[in-house]
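Each of the next two complexes has chain A plus one other chain: chain B in the first, chain C in the second.
So, the complex of A and B:
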């Protein structure tokens, strides 16, 4: 039995993003990291593997540089890695989902963990879209998952608090922020990662016909500059400030 | 602001991928576990035990040693580990240097097979802490004239004497102690509970406050016969340990310098005087560019030395130059960084005064700055200035 964790490499949250020619300038990104929600998925996938739920494969779809992220995942304990090398910048969500669904099938995985959304595009469609293609149960907003015999028990946020959901294979868990951060590697793990080979394939190796993108990205723009703050002085302004805090800022 | 490690010439790109992964691992430990706690540890004068546990879990103790549960990393990786640890605090790096280079190394190189199998795995895992007893109250730069002596009593050795300035002494489970047996310097493994052995802590330091420093006292201390290190006689034993520790320090000092540079850069960009950030003034820029220049040179020196260590093509004088230079510039960078921070520089809100005070010790221990100059002087001239005898 195989568990898959899906990882996406995104600009680090501390990296400066510049836009040039209507597109995010990827070459100007100083540091790339694993998307933070995916790191939670990875930690809980490692816990499932350690609980004996199956072997763990880390899968990514992205350019050559994304391989570094798979090596980092190997250092914390994933058994194997699959890298679908592709330029995803102009792909729509459905194309990426079909690549990842085919990659999951290629690895023979029927339990999938991923982040609820990526820190760059924030679309949140990858997990549910793949679950739909796999015909798998999809549990979103997950903060914990455990193996219980043949099924899995997940904790997720609901409108009335947390709820515990039990599902059987095939299933997909899309992670929100969880209580346990991704573990730090150790020297032994790093040395083992050096010996693990990343399987590298292309979308066509997986036998997928993605078709044309249904979405056309017209342009990227930097967020508008924040307007300067407003300054009030003296006791006379109290009423105005209270009114603004209530009516405009909606904080009281 | 997150730490931005100055690497102007991108020297880290010369490291292997796994060496960079080790760097990132230790950097993460320092960011998340060490920096939030370091000022408390300094105020309380303690080395937090959690750091010992995590160093063991990461598997970085005794980094370049192979076999017996040791990591088996390159000397470049060992250097990077020291640099990242010392970016946190010199006391933390001192802990790792003493454990790996001064306590584990002599057992690994000069110990019996039984000693290696018994001690090294639990020292690599951090379960046991080791210390190194060479310096005595009256014999620092001149260890060859040490007073501590061992006597062969037939079924055991009897150790008498005292060691001073011993990092990790009071928290260690074992001490590698150098003493004269029939006038010849030999290494002995002394365990914490050995009869006649005590390790009182030295208090009142203004430097390396998060590191434990102790005396080791031996009063008719009985040592079983199988605890002598069989593989070495004379000063070569302790000096070969010091070579490895000094090598690590030459990298470690860069970490302190990077931390001070980063803090000075950030501070000077945000501190406004006369309506402009002080970073916009030429005097401050001159100081920052001098720091960048010296750190870059130190990085190249340390990296090149790492390659020589890994290939085996090195002499102790190479290490003397790197230890002396890199600590010297790190200390001066810490002082200039304190100056750039103005009065704020003396507060523990910023790391600069702590690094500055630490580096005063680092300049003196493991061969003082002057002694390394004399080692180089002897190399150049063939004249030994310590004893005024030609070598």
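So, the complex of A and C:
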């Protein structure tokens, strides 16, 4: 029994994004991090592993630099790591999902945890798309998951609040922000992680023929500059601002 | 050309974003079919101007949300360009349908032109992506980014009773603590940050919100600091992305994580006692004042309208 957690390395939220030649300049990103929702998926994947639900493999698809993220995951307790080395920046949703679904199959995992969306592309297609390919039950907006005998119980957000749902293998959980604390690696974990070997493969090693992307990125642009706003001192200006909202902005 | 719209429902009726989906579809031209999961909102959808046909899906699997079984039933009816809302369920369902019919999906678009050229916000709002795609494909649309279609239509409603095996069983529904409007649905949002000092002070935001029919949101700092402020209120990177016509930020410094969730608001008002707070950089109207001074004045002025 194997559990897989899918991780994506993204520019840290605090990193400056520059656009050059119609594309976001990846080389100018000062700091790369694990996508925030993926960190919650990792935490709960570790909890499932500790509850005896299976061995835990961390999988990523990305360039060489993404390997560091897998080593960080090993330092908090992931058993093995698979790195599909590829440039995903121009891939469409189908291509990236085929690679990751093949990677999951390669690892023999039937329980998958991932973030609900990545902080760079902000899409949320990967988890449900993979679940469809695997024929797995798909639970999105998850903030908690636990083992219950042969099945799993999860808490997910719904339009009217939250729902507790249960699913059996094969299943996929796409994580929202959870209220749990994220664990940080200790020295022993970091030392152990250094000795673990990352399995590195290419898409073709996994038997994937991706074909051409059916979504062509025409350009990236910096967001339009907003004209500087008007700033007022003191609560007496509230009246002025409300008047402007009514007469200038016409929004109230 | 065919366009299939996945209706976004709210309770037993239709969510207003469905009218925006039809509005966007009409701007492209084509024959518009609306799919109503569980049959919810079928009658509402049939009177939206521009809709040719409504398919009311009444299979047993639609009694609770399971994107796997729903998409199995819906995929054969998903023709041409498939449009859904970029709500959490719309994204999940859209991605499953795209996978089942073997086409790509582009999520959370804010613009679409014939041809098809779509625009969307990426990198936490720090860049805009323009891409081209061809039919068939699936796109999800950001709420409030498109003009809604008007009423006055009279489409035929076709009932389909297909179901599929359900693999996600709902054991317990846990209702929301409050009955306030969701920040994603509101035209006006007023949010508080850690500058509010204490969670009990959010009652002052509620009072202003009640005057103008606004939803109340919060920054991550407020949600993380105070158990009384639930994550469902959080606006920003690990919370909700909102796109209201007016966003009022009170006692929020304006960390990049917060800006990622609200910078596309049409108008932004910031109230903060620190004149150098980064929130003033994105505000159309900034008021340098404490919330204790500004909120009672705001409530009074808005009450006069």
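The rule is simple: the second predicted complex is superposed on the first by the 227 of 252 C-alpha atoms of A that agree within 3 Å, B and C clash if a C-alpha of one lies under 4 Å from a C-alpha of the other, contacts with A are read in each partner's own complex, and residues count from 1 in each chain.
In the analysis below, a residue touches a chain if its C-beta (ideal position, glycine included) is under 8 Å from a C-beta of that chain, and two chains touch if they have at least 3 such contacts.
Owing to the predicted nature of the structure, the values given are computational and were not obtained by experimental measurement.
**Student:** With the two structures laid over each other on chain A, which partner does A:192 touch: chain B (first), chain C (second), both, or neither?
**Tutor:** In the superposed model, A:192 contacts neither chain B nor chain C.
**Student:** Scan A:14 for contacts with chain B and chain C and give back first, second, both or neither.
**Tutor:** After superposing on A, A:14 lies in contact with both chain B and chain C.
**Student:** Check whether A:146 is in contact with chain B, with chain C, with both or with neither, and answer first, second, both or neither.
**Tutor:** In the superposed model, A:146 contacts neither chain B nor chain C.
**Student:** Please work out whether A:158 is in contact with chain B alone, chain C alone, both, or neither, and reply first, second, both or neither.
**Tutor:** Only chain C; A:158 stays clear of chain B.
**Student:** Taking the superposition as given, does A:177 touch the first partner, chain B, the second, chain C, both, or neither?
**Tutor:** Second partner only, chain C.
**Student:** If you tally the residues of chain A touched by each partner, is the higher count for chain B or for chain C?
**Tutor:** Tallying touched residues of chain A, the top partner is C.
**Student:** Quick check for you: in the superposed arrangement, does A:67 touch first (chain B), second (chain C), both or neither?
**Tutor:** Neither partner.
**Student:** Examine A:208 and indicate which partner it touches, taking first as chain B and second as chain C; both and neither are also allowed.
**Tutor:** After superposition on chain A, A:208 lies in contact with neither partner.
**Student:** Do chain B and chain C touch any of the same residues on chain A, and if so, which?
**Tutor:** Touching chain B and chain C on chain A: residues 14.
**Student:** Along chain A, where are the residues that touch chain B in the complex?
**Tutor:** Against chain B, the touching part of chain A is residues 14, 68, 71-72, 75, 184-188, 190-191, 193-194.
**Student:** Quick one: in the complex, what on chain B touches chain A?
**Tutor:** Answer in residue numbers: 2, 17-18, 21-22, 25, 28-29, 57-60, 63, 71-73.
**Student:** Where on chain C does chain A make contact in their complex?
**Tutor:** Listed in rising order, the residues are 10, 64-68, 71, 88-89, 91-96, 98-100, 102-108, 117, 120-134, 137, 167-176, 188, 212, 231-232, 234, 237-239, 241, 245-246, 256-257, 260, 263, 266-269, 275, 280, 282-290, 293-294, 297-298, 301-302, 305.
**Student:** Could you pull out which chain A residues touch chain C in their complex?
**Tutor:** My answer: residues 11, 13-14, 16-17, 19, 24, 36-37, 92-94, 97, 116-117, 119-129, 131-133, 136-141, 143, 153, 155, 157-168, 171, 174, 176-177, 179, 213-224, 226, 229-239, 241-242, 244-246, 249, 251-252.
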